[in-house]
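The following pair of complexes shares a single chain, chain A, combined with chain B in the former and chain C in the latter.
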Partner chain A sequence: MIRISTIDIVRTSLGGTGKLLPVAILITCAFAAFWLFPYDLGFLTQMLIMMVFVVSFDLILGYAGVATLGHAAMYGCGAYAAGLFAIHASPDPLLGLAVGAVIGALIAFFSGLLLMRAHGLSLLMLSIAITMVLQEIASKARDVTGGADGLTGISMTPILGVFEFDFIGKTAFWYAFSVLFIILVVLRVLVASPFGLALRGIKDSPSRMRAIGTPVYWRKVTAYVIGGTIAGIAGALSAQITSLVSVEAFNFALSADVMVMLILGGAGRLYGALIGTLVFMTVRHVAASIDPFNWLFVIGFMLLAVVFFLPDGLISLPRRVAGMIGARK
Partner chain B sequence: MTVALSIVVDGIAYGMILFMISVGLSVTMGLMRIVNLAHGGFALLGGACAHVLTMRYGMPFVPALAASVIAVIVIAIPLERLVYRHIYRFSELEQVLATIGIVFVMIATVNLFLGSTLLTIRMPPEVSLPVNLGFKVLPLHRIIVIVVGLLMVTGLYLLVERTRFGIYLRAAVDNQNTAASLGIDTPKVYLAAFALGAGLAAVGGILGAELLPIEAYYPLRYMVLFLTVVTVGGMGSIVGSFIAALSLGILDTAGRYLLPDVGTIFFFLAIIALLALRPNGLLVRPS
Partner chain C sequence: MTSGLRIRNLSKNFGGLQVARNITLDIPTGARAALIGPNGAGKTTFANLIIGALQPSSGSIHLDGKDISQLGEAARVRAGIAKTFQITNLFKDLSVRDNIRLPILEREHRTFRFLERHDGDAAIEAEVEELLADFRLLPLANRLVRSLAYGQQRLVELALTLSLKPRILILDEPAAGVPSSDSHLIVDAIKRLPTYLSVLIIEHDMKLVFEVASRIIVLVNGAVLVEGTPEEISRDLRVRELYLGAGHG
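On to the complex of A and B.
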């Protein structure tokens, strides 16, 4: 198993020309997708929302090295918060996003205080249990959340008072893309900051980080809160764009999918999260429309192939291929 | 008083089913330390096999149970040789993902051949007869499950603690290299333990099918439940899993009787509290 050392990753992420290239590719891809698939904008928007969600998990799993299976907790709370806020307080989308972010952060803070003390299996289990409790509350509090029928009747005013949500979903697409873009920029700065380096150190060796004076527990809680904030934003986006929140937002399967997408693409790279989401959702979409029952074969074998042959994810594929060609010469 | 008694009896009956369906996992995950999310997959394969044998070929229940368990073991052996052998060395996270991948493939396979409908297993009609215990009437099926569960926990306890195989297995898990250098054939020990875990999963899936019905998405639907039992019981402890299953069964039943609206919330809050206080499970001392 070849792992690239932390220093190399830091250097590339701080490099000069390397800094702008992915950004340019990202924007080009967004425009290309927008022009090439005008009838799939709904699906593309779902993918963008999921990218926001997976990128938030990358900060927790890929950088801080904390493996949880309950990331849907913050997503679901953000979605319900934004939905309820739109119905009862104000239909302004940006305010709604802020509310989703705050609720995501609060949930992450209070659950993080407990979760970041746990390790391994009990951490996985605790994060699952917390999500289950939230899901049960959402499905039992029928008067507030609509229970199993879901929260409906969310309507939005134009973004910034200018861009109205249209029927085809053009506005929704660019809205989701802008949010993703801003979050990526913020995260890139964050992971190259001393805080981001501390997180990587914690992932590699918590005891050494403790020895050099890093408050490991509080760094992890902070990372979890930031991840939770972004997950809350992703939930809020989905509530605003689909005008619906269902208790499935808390599903265990969603948390598991997020982990699968991240590892598929490559954890700890930010862009790996985007690639993983793109591949996973495209395969699921295409395979499910060709054969609605057997797409799990594809996903299952893909997952096994990545874990066995590409432990650093699809994003490491070019480097691995280059390495193999170089070795042959 | 009668309510309390009902809770205890129903809770034990439910807990015993929980133990039955997760005992295979407490072998693979608890003893062998692999985060084996594919556990439910083996239960599904066993259940699907029993469904085909009893419903399509009209085989009686007991031979069908035996045949299904053997079939699952036959599937598990090459799977261990080819795939799981490498998974042992993975980190926890990679084990989670690899075994989720295996589950997906298993679900898709069952889906391909049998569809995603409920796969009922025909049992002899006598098992649903009510049996009067004097203070409580239980279906015979529950009593069979309780007895089989007790036999299983005793058998496994003796196997792990008292036999040479148990000693080999514990040694191999604690330190594979030292165990191998002492002449223990660790790959064979792992293979046997894995096959045992898969076989037990099949038994649990079939006997527990009345409560947790078998269908293609069974492994994902009840994954949380299996994991809860083993985590609360503590890794490496069969008796811990047994106690955990019984107490979770009683806790869940009590929640449903006394707080029907918020039973599940109460159940998971109790698990959170427990894991916060004893992160390594009920019986394992915090290291």
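On to the complex of A and C.
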């Protein structure tokens, strides 16, 4: 059993041009979605933001193998930071993203110093606890954050002074897509670097990492900070595009959903995060409009099926099918 | 003489069980020593005390005159001590090549680099390929380690440990589980090791021990029973009794 992703197989069969294949697919999908669903741009943009968020968690869970249930901490802080920055300092979107990124990084750094010493259940509990504390602070600091009513009054100037946010959400869609695209490129470079290889080693066998002379702690903290930076950017995007930040940005359910989306799509391969988010949010969107009370059944059964039959996630489905057909011959 | 490993009165208890008793031993630079003893004698525990995977209850370990007893496992590896695992402990979801490449990158302090490719350094790649070739692993280089047969994994285990370029090398039953058709790869690799390197080999296979070791230490119940050259050990009555049993005498 040789585990190579489908993308890798296609890539080797295409030679050098194959490197650009995922990029081409991604851009094609974006244009297709844009033209096919002009009335759902708001939903599609939400999906793109969530993809940024989930892919940031892939670095932490999928590559470094650190399972937390508090990834919303950095998302929420990034959202509040960008919202407050827009209201009080500058309504420039890109500056706001940078602020969200820095705050995400800082929260990840200081919480990571503690979290990355913990393992297993205590790590899960601590990460939940930190997010709860942050949520409580956001809802108590009413004067600053608007408390339970949420932070409102965010309005953004045009991106780069040119692209104005429009009512239909075209600009927001391409804005979110561009951010996702750039982050994917950065993460692809990162996971192919020596640092990326070290993260996979940590996930695989922390004990062997120590036996090759590597204290894993600072590498895990670094990965957590990079993941937190991107999560902060996702939060900032959400604040800028929806013009609203609510304390729900820290919800436990959000952290859990992110994990579900990642496992569904396939952890540790970046594109799996995109597929998982696409499927999860589409199913929720469609199923919830058909039966608002029972849509979780669909997600639940899908997750069961994936965990039992496709442990590498939906992204491994084509290869699995190909393998079965090959075996039948 | 301060060069090499100097172990003094090393003891370790697991609760009430004493698995290392006052072990005092020198492994000078360039030594080819073997540690033998019955199952459960405490050989692996002793090795784990030296590499820092376990902390001793008492006693001291010096490397080239420096006290390393307080150093953690990673720091001792960087000081030059490395060990193969009796039960293979590899990066199972990485390819064979990455299993060799990663320790070299770590050894060269490269893994805090984010923007270059992990396979981008020509010198490191050449070293990886050479090690793979030494252990006949080239045909398997792109396979995930979890898909290899156990004997092949043992070869990766040894290649990985050697890639750290240690000065003190501890081999915990390196040939166990390796098919006899391949065990010469292990013996050859040990014989090829540079002379500045000290080797402590833990092994049940006496043929292998006599082939590579110039000193043998016999451990029983956590204590050193006897230490000497292979000739002395093979003549020693207590050892003969231990290994041949009363009935064979």
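Assume the second predicted complex is superposed on the first by the 311 of 329 C-alpha atoms of A that agree within 3 Å, B and C clash if a C-alpha of one lies under 4 Å from a C-alpha of the other, contacts with A are read in each partner's own complex, and residues count from 1 in each chain.
Note that a contact is a pair of C-beta atoms (placed from the backbone, for glycine too) under 8 Å apart; a residue touches a chain by one contact, two chains touch by 3 or more.
No experiment lies behind these values; they were computed from the predicted model shown.
K.L.:
Is A:162 touching the first partner chain B, the second partner chain C, both, or neither of them?
P.N.:
Neither partner.
K.L.:
Under the stated touch criterion, which partner chain does A:36 make contact with: chain B (first), chain C (second), both, or neither?
P.N.:
Neither partner.
K.L.:
Could you look at A:130 and tell me whether it touches chain B, chain C, both or neither (first, second, both, neither)?
P.N.:
It touches chain B, and chain C stays clear.
K.L.:
Contact-wise, after the overlay, does A:198 reach chain B, chain C, both or neither (first, second, both, neither)?
P.N.:
After superposing on A, A:198 lies in contact with chain C but is clear of chain B.
K.L.:
Quick check on the superposed pair: does A:67 touch chain B, chain C, both, or neither? Answer first, second, both or neither.
P.N.:
first
K.L.:
With the two complexes superposed on chain A, say which partner A:20 touches: chain B (first), chain C (second), both, or neither.
P.N.:
The answer is neither, since A:20 touches no partner chain.
K.L.:
Using the touch definition from the top, say if A:296 reaches chain B (first), chain C (second), both or neither.
P.N.:
first
K.L.:
Going by the touch definition up top, name the partner, chain B or chain C, that contacts more of chain A.
P.N.:
B
K.L.:
Per the contact definition in the header, classify A:189: touching chain B only (first), chain C only (second), both, or neither.
P.N.:
Only chain C is touched by A:189; chain B is not.
K.L.:
Check chain A for residues that touch chain B in one structure and chain C in the other, and list them.
P.N.:
Overlap of chain B and chain C footprints on chain A: empty.
K.L.:
Any idea which chain A residues touch chain C in the complex?
P.N.:
For chain A paired with chain C, touching residues are 1-3, 189-190, 192-198, 200-201, 203-205, 207-208, 210-215, 219, 222.
K.L.:
Would you pull the chain C residues touching chain A in the complex into a rising list?
P.N.:
Against chain A, chain C makes touches at 51, 53, 72-75, 77-78, 82-83, 85, 89-94, 98, 101-103, 105-107, 110-118, 142-144, 146-147, 160, 164.
K.L.:
What residues of chain A sit close enough to touch chain B in their complex?
P.N.:
61, 67, 69, 114, 117-122, 124-126, 128-130, 132-133, 136-137, 140, 252-253, 256, 259-260, 263, 293-297, 299-304, 306-308, 311
K.L.:
Please output the residues of chain B touching chain A within their complex, sorted ascending.
P.N.:
So the residues of chain B in touch with chain A come to 35, 83, 86, 90, 92-94, 96-98, 100-105, 107-109, 111-112, 115-116, 220, 223-224, 227-228, 231-232, 235, 261-262, 264-265, 268-269, 271-272, 275-276, 279-281.
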